[in-house]
Each structure stands twice: as structure tokens, then as C-alpha cells.
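Order of writing sets the chain letters: A, B, C and D. Residues in each chain are counted from 1.
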Amino acid sequence: MKKHVIVIGGGPAGMEAAGQLIKNGYDVSLFEKDKTTGGHLNEWFKLFPDRRAGSEVLDYYKNLISGKDLKIINSTVVEKVGQSGGSLTVSTKEGIEHTADAVVIATGFDLFKSTRKEEYGYEIYDNVISSADLEAMFRKGAVITSEGKTPKNVGFVHCVGSRDEKVGNLYCSKLCCITAVKQAIEIKEHVPGTKVYCFYMDMRMGGAYYEELYREAQEEWGVNFIRGKVSEVSESINNRLIVKVEDTLAGRPLKMELDMLVLMAGMEMSEAGKKLASLTGLKTGDNRFFSPADHHYGSNRSNISGIFYAGACTMPMNITETISHARAAVADVIDYLKDSKR
Amino acid sequence: MQFDPFIIPFNIGLYFILIYAVVRSVMWFRDLSKQDKLRLQRGFFGRSFGQSLKEIFMESLLHRKIFKTNFRLGYMHMSLAFGWFLLILFGTLEADIFGSSHLNAPYKAIFFKYFNPDHGRAGFEAVWSFVMDFLLAVILSGLIIAIIKRLYSRIVGMKKTTKLRPLDKVALTSLWMIFPSRLIAESFTSGAYGTGSFLTGSLGSWLASFLPAHEMAYPFWWLYSLSLGTFFVLLPLTRYMHIPTELFLIFARNSGITTGDKAGAFTDIQTYSCSSCGICIDACQLNFSTGITNIQSAYLLKGIRNNENVKDIAFNCLMCGRCDQKCPVGIELTPIRMLRRRAGETEHVEKSILKRYFPDKPSFNPVKVSEKPSFDFLPSSRPVKADVVYFAGCMTHLTPSIRNSMIKILDASGVKYKFIDENGGVCCGRPLMLAGQDKEARELINFNSKLILKSGAQTLVTSCPICYKVFRESYYLDIEVLHHTQFIKNLIDEGSLKLNFMRKKVVYHTPCDLGRGSGVYDEPRDVLRYVSRLQKTDFDNENSLCCGGSLGNMKISYKQKQIIAADAAARLTKDNPEILATSCPLCKKTLAAATETKVADIAEIVAEAIMLPNLMKEKSNPMLIVKEPVTI
Amino acid sequence: MDKFGFAISQQRQIDFEANRRDIAEYISEKEPSFRVCIECGCCAATCTTGNFTPFSLRELLILLKRGENDKVRDNINKCMLCGKCTLVCPRGVNTRNVISLAREAFQDRIKNAV
Amino acid sequence: MKIEGKRAIWSEYQKEIADDKYYYVRSCIRQNFFPGSEVAFLKIMREELKKDVHEHPCHTTCSGIGYHGDVVPVETAMTVVARQFALMTEAGYTNYVPSCITSFGLYTEVLETWHHFPDVEQKVRQQLKKATGREFEVPKNLAHASDIIFKFRKEIAAKAKYKLINKNTGEPLKVVDHIGCHYAKMFPSKGVGGAEYPYVLAGMVEEWGGEVIDYPERRHCCGFGFRQYLVQANRGFSVACSKEKFESMQPFKPDMIITNCPGCPMFLDRWQYVINEMEGKRYGKDGEGIPVFTYEEVAGLILGYDPWDLGLQMHQTDCEPVLEKMGIDYNPDMKYEINGTITKVNSRVSLSI
């Protein structure tokens, strides 16, 4: 009889893990809390650093699982994974239990709620938006202010909810810098005359072709980068946003008026993941993400045997890393199911 | 008396251009400085007169130098210039020998056939006609090449920097019309009378076979005269002004007049002497390495003549001096460009016709940002005493191995020296001069001069050709200035530096400012020959390449510099030497980044070759060294 | 002004809106490499002038971009144009041309003012 | 601007405020700058709201001004604070209500410190015992006096004779609310509405008919800043702070400023005069100043108290424009009445500040 693996979460990590497990001949069920699979990828218009359409990666997943016998259970929240005998029991919020030989947790991340950085006035000032809101604008094909006008000056605040003790996140979300660079270029593509300013603490361009994209943004698109984190945002009498920042490299405070301010929200452990962790007894780190058994050679294993992690539920990851991580999780699952004597 | 109204346009043109040439020459002469006037007078009536005549014959007529670089181009220029010259000469003789009288007015020679249609039927006359036809054929062949060249450059899409103005078009058309109209006019006349040699005779009898030759000839004689007249009148407005100007230039240059660092009549003469032959474009690395084809000297001079704003052209140049070497007219292109840089932005003014015949002296007012001194923050220098002072230069500080090698060499040779910019010195001033900022450069020159003079040194050694050039040309130092290659050469000759022979295959890249810029070609090669197996390259001495790193070019991007460097390095290392040697820190840094071959300064090679006994007394050993006080 | 024994302090803040940034735009258009500066400070570290006086090309370029032109105009002439900065710049900024263009722009503005 | 966004944040910063039996401590400087305000507070609490408010004659400075002025060390400050608590304990009260924002900030800081470092509290207890023989309980509830008025803003509105509404146009008065820095910037959770969008004064203004202005420099300090104004050479910086605020609020054409701190009304009021003297600039409509009030004065005005009883004649920037707009019935001739005689005072006398 085929062994049964349950994958929790239908984002890129979960889809990848499920697809690869099916390929390897397992009976796989995928639980997704939303109505459809795809996770955050559904919301992203284009991906960095090559600005390919996010839908291309979604198409890849469609192909990966099409025609395969993958059971996808949508709109279902998994709350707990219990151990009974040699197998695992996955309980949904509705209290239905499913048995599995192994479980892959791919609950991903939640975008930092920008309202928590009160000083930026997200959901208070009309033209303070989040990076996700901007992606929605790109998808619609219209970058406009709340007054329906074309923005002439747009700012990006890096590290919103990352590297910030005040919101309890000491870690770097790793992807916001490159996302800001990508979005800055896209703004220039959508509204060519716009001036774009990125307020950064550090430009963390660690991935392949990230630095090149950063340079392209400067050289070809004329995006301005100002080192300093925005301290406060307010609204002028003309409904323009006034940002205050220190230009740390000029050593002077700087005041600027903008038509639109984009907050580069960081990544946090998902709420669903947090609940799953506490009810299941899975270890989490100081950063609240799932804590893998070993950061170097056990990044897919949990503290409970038979439960594995895939993707951004363990740390902020880009799509490439997520896919690699999910495949590595599958390797661990195969290894585990081969060794178990059942 | 042989006369016909059609000769009037020719006569007007001829006498106009002759008078104009005289007037313009007088004006140029008047604008020369006192010394230059004296030089020219001595030169004109002195020994250099013969030299000038020879040069006029060799260059202005035969175009020997163009022949050397480009045979086809040389033939084109020679056929037009020398061919026309001979045609006039033989025509005059023809009129003199076979005409009705002797010492004829010029038009009788030019229109000889019209007035003597029966001439040339047989015997000596026929031979003479053959010669005349032959010369005409030569000129026409040159003309065909010129037309093909012009059309071809359009076909391959070479951009012209300026559009032809209406008068230029008229002048060019009239020039192109001269010889074809003469051919047809002579042919019709020959056809009507059954005379003419292989060209005009054959063409004439063929034309006469179906056209009324006698009636057709007359309008073409008019056309011939009109073309000549128009061309002569418009000549001062076009680049063909180079024909008379070049004669003046040759006399002036042979009298010892140079461009120097001030604009004046001589610069003006040189500007008008350019024939836009394009050899400078072929020589330019910006052209053949990076495909930049609108900034070369021909365009600069053209822009100056047309009173355009040439600032961007002036600053987009490596200042390597390759074009100076190749210019067949011998125009001092790089010094003229330097003068232009100092002038900064100039506004384009469309001049009136009169002003174009008699242009104002070009103004070269230097750019001033402020009246305040720029470098008053420099500390007052403290004197150090030494026989020899070593000035590494800014660039050498970025290539510490050259600096260390020099210290090793100086220590090994036992010379009593002081390293005056050991802790970072003040720039020599040449980069500012290259940027056209002479006044500011002068402040730095004064600062460094004081420092050097206070040392009481007899010899100044520098590792940087950029510094070397400016030390020699613009510092008023009454001491020996040596580039380190010259200094090392002296040490070897004196026997104070004992070197091992290294069996390495080396090629040498001559830095622009050391070679073409300062004329130092032999010493570096001698040193290299002494320590290694020096190989030849296609780019030795005057033909050396620029490394691409030049401080002279303010405009090209880093990528373009890299391309030039890679191209130069590839050409130099074609025969796979073990070391690509040079004698400039900037060349070394630029070339090293552009090739897999090891790049080394001569100082580094020499330092490595120092024999052990010399090293025993090495004082740079940190254990033995006695710290000297900071010198600056 | 110091009626009460003190004067009202002046703003230190860069007022981006109020500043004229046309000089930076002029330079950026003529020398696009001006835009790719990442303010690493390599130029200032190697600077021949910086060896003698507090002169930082990095700082001046930032001030230009922010439209704080006065300090740039007062200091830009201290550059000796020796080119060391151009050689060490990791981003290939044509620093010498940037400086020359800045001087030129100030020159033009002075001319226009007269 | 989306007000729902602000309301969402306000709802997150709720604070417990006791509803009776207050131990009220006065502010050192308010008693001098705006003596009518504290009197008005007591009157409103006792007479209008019928609350038990106790004042202790032995209350001294909390030493916050010295602490923030870098002349009193923290342990000394804590011991002085402990003594105030001892007086409260002895009087049988547990709800501590300081009139001063800096006191409120200091008390909050001290209580937080003791909460996290109990050994420090023990040490302070010993020191107090040794020095004065007193013992104390920490307050059960610590609320600033403006929190109390905020709590009863609806009750006050119910009794109001006037509203913050321009009688002539029927439009709400535009009010700038300025919160003292020490109210919530140090401990956002201890202030009504938090530090970014404080609601304590905005709530009163809304309830009493006015309209709150959100202007860019609302977060900026008034310029009091202890170190700044205490040293004459630094006062230019102090004025510059106020000036920055005025420049920023001016385009919104505010009718008045409401404050809850001792220093803020003082400096926002007096520096308007100084700026006018030094630079000839005024920020209100028609070349007038922008009147500055304490929240007690505003509460007193809407309850119909006589402006001169509230001490509005002590303001350097004239308050009359606001009185006129609100349609308050007052006698301008009585402005400088002292003990029944009217004294002419030239309000433009150049003071040595």
C-alpha cells in the first residue's frame, strides 16, 4: 500500500513538495486554508530579479500536479498534528482527523501588518500603501493615488517590520530590498516621468543578479537611493505626504514631499503556523519561525519525527530557495519513510 | 587678341583668389607674435626656404605621407593636386610654345583648346596633346575615387558631424564640375575639328557622330569657366582653403614656429590647413576600438573653422597624440585641442559672409569658476635636503609595487635621495591642465616647485610619465628631470646598479606621455634589453597605443576605457610575451585589468633583477631603516 | 535679532522640495555614471586633496543630488582632478567628468545670474 | 486621511482610569504660569462631577524638572517620588493624579523601573524609611489629570453652555491638540490613544464640538525641553522648535491650540510673542496670534466659567478671538481686574525672558 503524506499549505513550498512526492509514488493530500492554492504568489505580478510574470511560476505548478492523483483540500485550516503509534494524525479546525505516515509543513509566512508601524500612517494616510497593495496596482495596470492622479514622486521605505526591535523582529526579511528595487523599476515603467526614492538602511542585494538589478535601477531608470530610515510620515494641507528621514550619508536630516509612499512589509511567521506550532509542540525560534532540527544539515526536519518543514515557514525565503527547500524536504521524507519499519 | 566673354568668370575667380591669398597671408603675418615674425622672416629668406619648397613638392603635391599610410587615398590626393599642377604647368608651356604669343595671361593656357582648336594634329603637337589628355585622365581618375569615397561613406552610414551649408554645396559642386566640364568642352571642340588625343579626341569624335559638336562646345566652355570661377571665389569658405593655407604653414613651421601654449595666428593657420583627409580618424583608438567617430581632430578643426561649440569634442580625446604623429600636414593637433579645452564652452555663432572670409581671431578665454585660489589649504612645505628627490606621483601611490620597486632600486644603488611624496603628495597639475584649468594647475605647480627647489636636489626622478611631462614642460625647474626609466638607465651605465639577466620574453608598451608626449623612447627599451629578451610589436615607439586609461579623456565611460585597454593589450600581446612591460603606473593598472599576461612596470622588472650583493645594503629593510621625519 | 540675548536657530534639515536640483539633473544627463554611485567612500579615502583638507567627493555628490549646492560650489574647486578616485571607484563612476560638469554648471549659473 | 484608521489605533490604546477618590498633585510650574487651570480642574471635579479629590499640603516637586534637566540623579528622583506616594498612602488614597505631564512621565518611569527591577524599589523604600521614616504603597491607578477630564468629557459636554463652534459660521473651531512629550512618547501604552495619534485631547475636542487638525509637525516638541530653555544660549533652539510647529500648522488656519502639559502652553504662548518681536511674524488669522489653552481652561470655558476667573488674562497671546468666536459672554474691561480695581497693563511690554 502507498504511504500517505500530508502537506500543510498550498503555496509554492507546499505545491512543490506535494508535486515531488506524487512523482515519487506517494499518496499525497494537500491542505490549503484559502479557496485556492498558490499562496502569496497569486498576488505578485512580476518576480525579481528578471521580472518574469508570477503567473509563469503558477503555471509551472499547474503542470507539476496536472493529471496526478493529488488530493487538494481547500478552505481547510490544519490546527494540530498529533502522534499516535507510528503514524501522525492531522486535525483540522473543524475537528476532522486525517492519518498520515509523514507530514510536510509548508505554512509559509504572513506579510507584516504595516499598521503596526504607526508612525508611517498605513491605513490612515490615503497614499501610504504596502508593497502588496502596489503589486495589486501593477496587476490592474494602473499606478494611481487615492485621488486618481498619477504620482509624480514615490517613496519606498525598506525594512518595514524587519530589523526593528520595536515590532519584535530582529531579523532581516531578505527579500524586501530587491522587491523595492523591482517595484521602483516597475513604477518607472508604468509612469515614466515619476521620481522614485528608496529609503534604505542597507541594500541587501545577496541573491543572483540582485546587485545588477540595483545598478540597473540607478543607471537606466534613475531611481534614487537615500540611506536612512523614514522616521515619521505626515500629511500636508495639500494631502501630500511629508516624510522625515536622515540622509545618513550627508549627515543631515531631510524632509521630502511625496505623492505615494510604499512600505516594504517584511515577512513574519504565519498566524496559522504559530497556532500549529503551539498545539503540536513544534519548536519555534526567537524569530517565531519554525525552528528546524539543525540549521546546517537538518533545515527540513522538525523536533517531531515524521514532521518536516518546507519553505518560508522556517525563515524568509525567495521562490528559488523555497522550491529548493521543498525538494530537500521531499528527500528527507523519502529517507524517513524508507527507514521506518512499517 | 584672343578673347571671349566666357573667360570672365574664370578671370574674376582667379584674380580674386590670388588677391585674397595675399591679403590673408598679410593678416596672418601681422597676427604673429614679434618673435614668430622674426622667425618667419629669417626662415623665408634663409636656408629653410629650400626645405619648405621641397616639402611643398613632396607633401602638398605628391602627398607622400598620405601615400605611406593609405595608397588609394594618397593616389587620390596626388592625382588631384599634382595632376592639376602639371596640367597647369604643361598648359602654360603649351600656350607659350604653341600659342600666338609668349608670356600669356593665365586664361589662355586654361582655355588653350578653345582658342587653338586645330592644335595637336600631328608630330610634337600630338605628343603634347597626349600628355595633356593623360594628365586630365589622371585627375579624373582621382575625382572618381573621391566621388566613390564620398558616396561609399554615405552608404556605410558614416555620420557627418555638420550638414553642408548651401555655399559649401555650391563650392563642392563647382569643384566636381571643373574637370568633367573641361573634358566635355575639349572633347566637343576636338570633335568639331578632328583634333585631340586619346581621351578628348576619341570622346570628341564619338560625340560628334551624333551631336552638333561645334554648337555644343561653347556652353561647356562657359561651364568650365564658371566652375573654376565659382570654386575660386568660394574656396575661402570651404575646407579647400587648406590648399593655399598649407603653403603658408610649411613656411611658418620650417621657420621654427610652434603652437606653444597660447592661441594665435599659427593655430589659426594650422586650423585652416587641415584637408579633412581623415587619417587622424583612422589612427584614433576611439575610432577603431570603441567606434566613436565624431570627435577626431579633423572634426575638431572643422568645428573650430565653422565657429561651433566644440567643447564636447575637445574633451572626448585620449590626448595620446597618435593623430599628431600621423597627420600628413603635420598639424599640432593635441596642442590645439589643449588650447580648445582651456577655452571651455563657446557659443555657436552663424557668421556673415564677410566675417567668414575674414574671421576674427578665435577667442580662448579660460573658464574661471572663482577668483579665489583653489588650493590655499595646502600646508607650507618643510625643506628636505637631498641630491636626488623622488616624486612617485598620485598614480604610483595606487600601484604600491612600483613605488616599492623604486625604493628598492634607489636603496640598492646607494643614491642619496629623499622620497618627497612618501605620505601622499600634491598632484603635479597636468590633470588640471588636461581639463583646461591652467590657472588652478599653476597653483599646484608653484607648490611642488617650492618643495623641489627647497630640497636643493640636482635631480628629480618621477615614476609617472604624466608628472614627467608637466615637470619638464610647465615647471620652471633648473634641475635635471628624469623619468625613472632614464634614471635606471643612468644607474646601469654608471655601474651602480648590477642586474641579473632574466630570460623572459618581454614586449614594451610606450606610455603616450613618455613617448609621443616627451620623446623618451630609447632608455626604457635599453633597460629592458639589458635585463630581458625584448620583443618587437606592431606598435613600437611613435606608433604606440594608448592603454585607454588616459586622464586626458573626460567623457568616455569606464566600459569604453576597458574596451580600449583590452584591444590594446590584445594587440601588444599577440606574440604571447611573458611580460607586458610598461613605464607608467596608470598604463600598468589599466592594462593589467585587461589581459591575462603579466603586466609590469620596468621598475618592477629591474627591482626583481637586482643582484644579491646590491640587496645587502638595502636600506628599506624595516629592521635597518631609521625613520625619517614626515616630509610634507 | 538677538533682542533677548539669543537668536532663533536655523533649520539644519535638507528641505528637498525647496532645493534646486537642476545641477544634479544636468550632470546626471551628461554623465549617467553619476547615478550609479553607492556612496561607498572609496573616492574620498584615496583623495589627494582629502589628504590635506576635509574634502569628500562622496559627500559633495550626495549634497548635489539633494540640491544642497552651496557647499559643493564652495568646495568643488579643491579637487586636483588627479583621477585617483576614478581609478578606485567600484561602480565605474567617471568622477572627473562629474566634477568638471559640476564646475561648468556652477559657472553657467553664475553667468546666468549676471 | 482615513479617520477609521486612527480609531483603530485608538481602540488599541485603552487605559484604565479610576472613576473617583483621586489624590491630586499640583505641578510646580503650572501654578505659576497658569494658576487658573488647576483651580478650574478642582472646581470641575468637585462641583460639576462631584468627585472626591484630595490635595496634600506637604506635596513637593516630584523632581522631574531636575531629573530631565540633568541635575537630579535617578535614585534621588525615585526617593522623592516615593515620598509623594507615602503621602498618598498616609492620606488613604490609591489613585494618583498628577497635574504635570513630566511628573506623570516620571511616575510612570519609576513604576515601570520598579516593576522590572524590584530590588531598586526595595532600595528606595529603605532610603525613604531612613530619610523620613515614611512607608508607601505604589498607586493602584496612575492617571494624568487630562486622562480624568478625558474620561468625563461626555459628562462635561452634557453640562456645557458653549461649544467649540464658531457662532457666526456654525462651523467647528479648528483645534490643534498638542500633547506633552512625556505623556506617551516614553510609554505609548500609558497614554490614551498611544504616542503616534494620541486621543486624550482629541477626544475632548471632538466631544465638545471642535475639529482636530492633523498637521505635519504635530509630533514635534514645543521647545520646552528643560536643557534648552534653561540656558539662555540654547533658547534659540527652543524658539526654533515652536516656530517649526507654527510654520507647519499655519496653512491649516487653526483657531486655537489645546495642550495638556505645563511647559507647552507656556512656550507655545510666549514664543509667539518672541517670534513676533524678533522676526515680526504672527501665525494666526489677520495678523493675530494663535491662542493657546490648557484643557482645563477649555473645559472651564465650555462650562461657562468667567474667562478672567480661568486666568486667561495671563496669556501673552490674546485669547479674545476664541471667546468671540464661541460667543462667550464676558466683560473685556474686567480683564485686568485685581481685587475689584481695573489695572491697565500694557501687554506689549518687552519682558526679559
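Details
Keep in mind that, in the parts below, a residue touches a chain if its C-beta (ideal position, glycine included) is under 8 Å from a C-beta of that chain, and two chains touch if they have at least 3 such contacts.
These numbers were taken from a predicted model, which means no experiment stands behind them.
Put simply, the chain closest to the centre of the protein, by Cα centroids, is C. The chain pair with the larger count of C-beta pairs in contact, out of A-D and B-C, is B-C. Centre to centre, using the average C-alpha position, chain A and chain D are separated by 45 Å.
Chain A and chain B have centres, each the mean of its CA atoms, that are 64 Å apart. Note on chain placement: the centre of chain B and the centre of chain C lie 37 Å apart, centres being C-alpha means. Chain centres here are Cα means. That of chain A falls 40 Å from that of chain C. Shared interface positions of chain C, i.e. residues touching 2 or more other chains, are given as 33. Multi-chain contact residues of chain A (touching two or more other chains) are absent.
If each chain is drawn as a node and touching chains are joined, the picture fits none of the line, ring, star or complete shapes.
You'll find the chains touch as A-C, A-D, B-C, C-D. Only residues 232-237, 239-240, 243-244, 274-275, 277-279, 350, 352-353 of chain D touch chain C when the two sit together in their complex.
The part of chain C that touches chain A in the complex is made up of residues 12-17, 28, 32-33, 35-36, 38-39, 58-59, 62-63, 65-66, 68, 91.
Of all residues in chain A, those touching chain D in their complex are 115, 118-119, 121-126, 232, 234-237, 239, 242.
Interface residues of chain C facing chain D in the complex, by the touch rule stated above, are 1, 3-11.
On the chain C side of its complex with chain B, the touching residues are 33, 46, 48-49, 51-53, 76-78, 80-84, 86-89, 92-94, 96-97, 100, 103-104, 106-108, 110.
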